[in-house]
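Structures follow.
In what follows, subunit A forms one complex with subunit B and a second complex with subunit C.
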Partner chain A sequence: MRAIRASLYEKQESRAAFGFIVPAFVLLAVFIFYPMLHALWISFQNYNLIAAHSSFAGWGNYRKLFSDGTFGASLWHSFYFTLVVLPVQTAISLGLAMLVQKKFRGVGFFRTVYFVPVAVSFAIASTIFRLIYNKDYGMLNAVLKGIGLPAVDFLSNPRISMLGIIVLCIWRAMGFVMVIFLAGLNNIPDSLYEAAHVDGASPAQRFLYVTLPLLKRTLAFVVIITTMDALKIFIPIYITTSGGPAGSTSTVVHFIYETAFKQMNMGFAAAAAFLFFALVLAISVVQLRIFRTDVEY
Partner chain B sequence: MNRAVVVPLRWIVLVAAAVVSLFPIYWMVMSSFRTHEEIFRYTTLSKELFLPVHWTLGNYREIFLDPAKPFGRYILNTLLVAVVVTAAGLVVNSMAAFAFAKLRFRFKRGLLALFLSSLVIPYEVIMVPQYLLMRDLGWINDYRALIVPQIVWVFGIFMLIQFFADVPRDILDAARIDGAGWARIYGVIVLPTAVPALITLGIMTFLNQWDSFLWPLVVINEEKKQVIQVAISSYQSLRNISWGKIMAATTISSVPILAVFLLLQRYYVQGITMSGVKG
Partner chain C sequence: MNRKPLLLSALLLAASGALAACSGGSGNSGGAGDSGESGAPASGSASSSADSGEVVTLSFWRHDYAPEAAAFKKLIASFEEKHPNIKIDFQMIPNDQYETKIRTALAGGNPPDIMALDAPTLASYASQKAIIPLDDYFAKDGNKDDLLKPVIEGLTYNGKMYAAPNNDGTIVMFYNKKMFEEKGIPLPSKNVDEAWTWEQVLDAAKKLNDPAKGVYGWNPTPWGFVGHEGAPYSEMAFLWQAGAEILSPDGKTAKGYLDSPEAKKALTFWKGLYNVDKVSPKELPQDAFWNGKVAIHVDGPFAFQYQQQNFPNFKLGEDYDVAPLWKDRKMVGTTGSWNMAITSHSEHPDEAWQFVNWVTGVEGSKVWYEETKNLPARQSTFDAFQELKEYPMNIYAEQLSKYGHPRPVTPAYPAISEAIRLLFEDVGLGGADVDESLAKAVKKIEDGLAMIGQ
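Showing the complex of A and B:
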């Protein structure tokens, strides 16, 4: 009798559990997993919304990608962006976190101030920087001229336009990463620093031999999410330069967007997206291996 | 190193970083109070560059009164989408998190793994088929396209599971013996203990929706139905638009959010650190 009741109880619990999960599961299946499989399917199709016909393309789209100079360039721009943003942003954020880690009068104020840009949306941050960078009446050029330097057209010079975008992205993200580092730094016990101090370690040595090794987990998390986000950069590109001048800032996601929603070439765009997905995944796996920690994401 | 050098240096860096963080926002707000002519006139280092000479609210008046670009409407559209997604998301995601955290059932590990596996799928990869799906459902230019696919958020489920894990199973079993159903236990016992977590998730969801750009850009083409971020970017493609007006639009859409954000930043920060460096 008791066994029957117990199994009934378990059955009820099982049924209740599925009831709780079903809404999330259905939404996930319809709007994430199905599109994912569908993306794979259409990446093997010649599927253009304008021509309104589709046919099987085999590896055609993928083969075309490898010989497509625009795609190659956009891939390089995404990587260039990431290669600059990753070390610079990580270093700045770690620096800020270390500056405001110790309690002192006004520390709360500085922590909050550094975090403020996080609440500004990407679209708005890009808009503000567009005004600040403006060649004729932007604040930055007013300052440059004020100290006797020539005016620079930050967003229409192919050689430096990406740097302008990099600066605005770091401005917006550094407070976010700082908070992650702060949490990591607070997990390091003070006794370790004291011990190092007693052993006569200099501040640089304490940083290299205490802080960095114990921050490995946090660092791994930061590196992985920064890389993922940086490779997917799109909004600032769309708003500040639309990929120009002369395609010098077109990134992969910008390429996918243009191919899918300007040229309506869905098959080709899906293939580009899938190739990109494989790359991002491979990079994350390699980074995880390098850090050899079990980061939860 | 010498203390007499380090301490002032430290303060210089602290203040410089603070100026860099705040200056673009200051610049946005100040520009929104300038007339069209003024933005072009003062382009040298002077007091006038940093403070408006003739303060005006004209830019604000104009963006709200412009019938071609109904700014008030954009705000309401965005609020509607953000509020509905946040509310529905809190319900759906917390239900799933509760089951994963506290209930025993078959295939639990497998299902959880399946859920978490979706975290590696970048949104950009499924953008194209999602758009095609919206087209097939007839949801293009429809708020349903902005709302329904955005409700489930596995990251949020993952975060809530960690919070719910702290609720002792004994309490749930006791309530069960007293005859409470699982729905009641979830609503009356578990949810109230997770209010801080729900606030955290709510803020994150709301901010994500308020800032949402690429998806509305793709699925909403009708001017009047557009959301605020895309609307702001479309201002810039207009000819002869004044930067004063653009900055008024960005100020209105970011300053209230900033204020709320600063009040509740404790929760937001908790969410970031929970997901990043727990354990």
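Showing the complex of A and C:
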């Protein structure tokens, strides 16, 4: 009797669980999985955006990618962006988090100020930065000129244009990452710091041997999220520079967009998207491995 | 327990479906007549459907440009008054999103009946059968003979004409008269046969250039290094003026044409403007010419209206004047502007033509000129307005008819536009090697040509 009831209960439970999963799965299937599979199919075709017919291309689109200099350059731009943004943004955000974690008068003000850029739409931030960066009339160069420094032409000098985008992106994202770090820092028990203090650890040692190891999970989350976001960067580039000057800020996603909607070469763009997807996936897997941790709070 | 989320997701799906329907659809305002006729294509000629009294709603998309939108609204109002059975659902789309929006709509099978079309994109749409040829319509009541030759040439693909022009366009030289007089530089001639050479303009630009005051001598492209067609539009003129071509006459290759010594000369000159003489702005400030930050500029006829509205105190004849575009070995001015095409998806092509012809026909073209002051594409409009024979419009008109050069008509144009834009950016902004940049551009165009050959 009891056994029957238990199995009935389990059955009901699993049915309920199934019921919970189905709606989410249906939505994912319709709006994510099906379009993805369709895009995969497109990537093996000669597919013009507005054409009525398409023909099978086999691996042609993928092969072409490897000899395409523009795609190679856009890959490099994406990785360059990520390689700079990842350490710099993480360090700044962690620093900010440790600053505003301290309890002092007006800390709420600082927390708000650092977080405000996150609330600004990326499109608006990009438009504003385009005005700030203007070589002749921008605020940045007005200030630089005022203190006797040479002008910085982020928008028209291909050598430094990516740095302009990087500054913009870090400015906007650091508040968000700071909040995540703040949560992680607050999870570290004070007793550990006290113990370290009693043992005579210097502030630097406390940071290295207490804070950092216990932040590993938070750090892992931040690093993976930042990497993926940075590799997929598009909006600020589309709005601030449209990939220019001289193609120096054209990232992979921008390349895909241009290829699909300006050149109307959907098949080629889809192939680039999938190759890039595979790359990002591989990087994420490696990162997850590296950050695998046994430390529990 | 599980019914509610399911219901919710079903609702969500239904809602998104409804949204999709809205974005693609048109005249909800059209009323009850709409739903009934959507299944039945218009039978026979347009007049028969007019007799039957059913109301046809045509959707029409165009990029957003305020003065021209006003002209369209006027023409639509008069059209609807005359044709009570046809309603026009006019949608304006922000300029830099227009092409993308039109293309995704075509890809999704949801395009408007009538679309605005920039001349050089014609072949790519025509080759994919996204728009229909208009020759039969033109033969019937389109007054094709009245259209200017280069316009027809620019709208013809594989022997068929696929669009009706709203107007034509070209760009000429603008110069700050006071600055010229200050430096004692003789003013350029207003005769299109006596255009200044590159060297003459550069010589003046060097004298006018004043970095301390933030004044640039010569801005050779109307909107600076922008991400849209505006840049290659003006840059191609430099290639043609030097005697270079972009494609072979049969349109099959760029090799031996775009990488010719003439093209190299043009790009070397261009590179010098930005990197050696530094008379040209790498970043064009907003309204630079009107604010006296650029001494020599280039712009279209629409610039006069813009100046009157935004800089009424900066006057033609006092503060600035216009002259024909510069020349090198040849005098050439890029032509081609916006047109109207009927999509192959339209269920009412006859009615769509009625509207297109209303706007671009002999009479509509006159209204369009009065409202927008754009350069006409019809001889009858040129004849109808005395001001087109007088300064400053006569410079545009004569340059257009004597030295006009349409952009290449090929389905690979998107690749060409992009390649030329990046070529001039690489060399101008990046100071890149001319030969290498040209090789890159040629490869890009060859890839584009190969793709359409598939």
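Note that in this section the second predicted complex is superposed on the first by the 263 of 297 C-alpha atoms of A that agree within 3 Å, B and C clash if a C-alpha of one lies under 4 Å from a C-alpha of the other, contacts with A are read in each partner's own complex, and residues count from 1 in each chain.
In this text, a residue touches a chain if its C-beta (ideal position, glycine included) is under 8 Å from a C-beta of that chain, and two chains touch if they have at least 3 such contacts.
The structure presented is a predicted model; accordingly, all values stated were derived computationally and were not measured.
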First, second, both or neither for A:46, with subunit B first and subunit C second: second
Touched partner set for A:72, first subunit B, second subunit C, both or neither: neither
Which superposed partner A:245 touches (first subunit B, second subunit C, both, neither): second
More subunit A residues in contact [subunit B versus subunit C]: B
Partner chain in contact with A:136 - subunit B first, subunit C second, else both or neither: both
Partner chain in contact with A:23 - subunit B first, subunit C second, else both or neither: both
Touching partner for A:87 - first (subunit B), second (subunit C), both, neither: neither
Subunit B versus subunit C as contact partner of A:108, first or second or both or neither: neither
First, second, both or neither for A:155, with subunit B first and subunit C second: second
First (subunit B), second (subunit C), both or neither touched by A:258: second
Subunit A residues contacted in one complex by subunit B, in the other by subunit C: 16, 18-20, 23, 27, 30, 136-137, 261, 266
Subunit B residues within the subunit A interface of the complex: 1, 10, 13-14, 17-18, 20-22, 24-25, 27-28, 31, 39-40, 42-45, 49, 92-93, 95-96, 98-100, 103-106, 108, 111, 115, 118-122, 124-133, 148-149, 151-152, 154, 157-158, 176, 181-183, 186, 207, 210-211, 213-214, 217-218, 229-230, 232-233, 236, 243, 246-247, 250, 253-254, 257-258, 261-262, 265, 269, 272-273, 275-279
Subunit A residues touching subunit B - in the complex, by the definition given at the top: 9-10, 12-14, 16-21, 23-25, 27-28, 30-36, 38-39, 42, 96, 99-100, 110, 112-117, 119-132, 136-137, 139, 141-143, 145-147, 171, 175-176, 179-180, 182-184, 187, 203, 217-218, 221-222, 228, 232, 234-235, 238-239, 253, 256-257, 260-261, 266, 269-270, 273-274, 276-277, 280-281, 284, 296-297
Complex contact set, residues of subunit C against subunit A: 1-2, 5-6, 8-9, 12-13, 99-100, 103-104, 106-107, 124-125, 128-130, 214, 225-227, 281-283, 285-286, 293, 414-415, 418, 422, 425-426, 429-430, 432, 440, 443-444, 448, 451, 454
Contact footprint of subunit C on subunit A as seen in their complex: 15-16, 18-20, 22-23, 26-27, 30, 46, 48-52, 55, 69-70, 134-137, 153, 155-158, 242-248, 258, 261-266
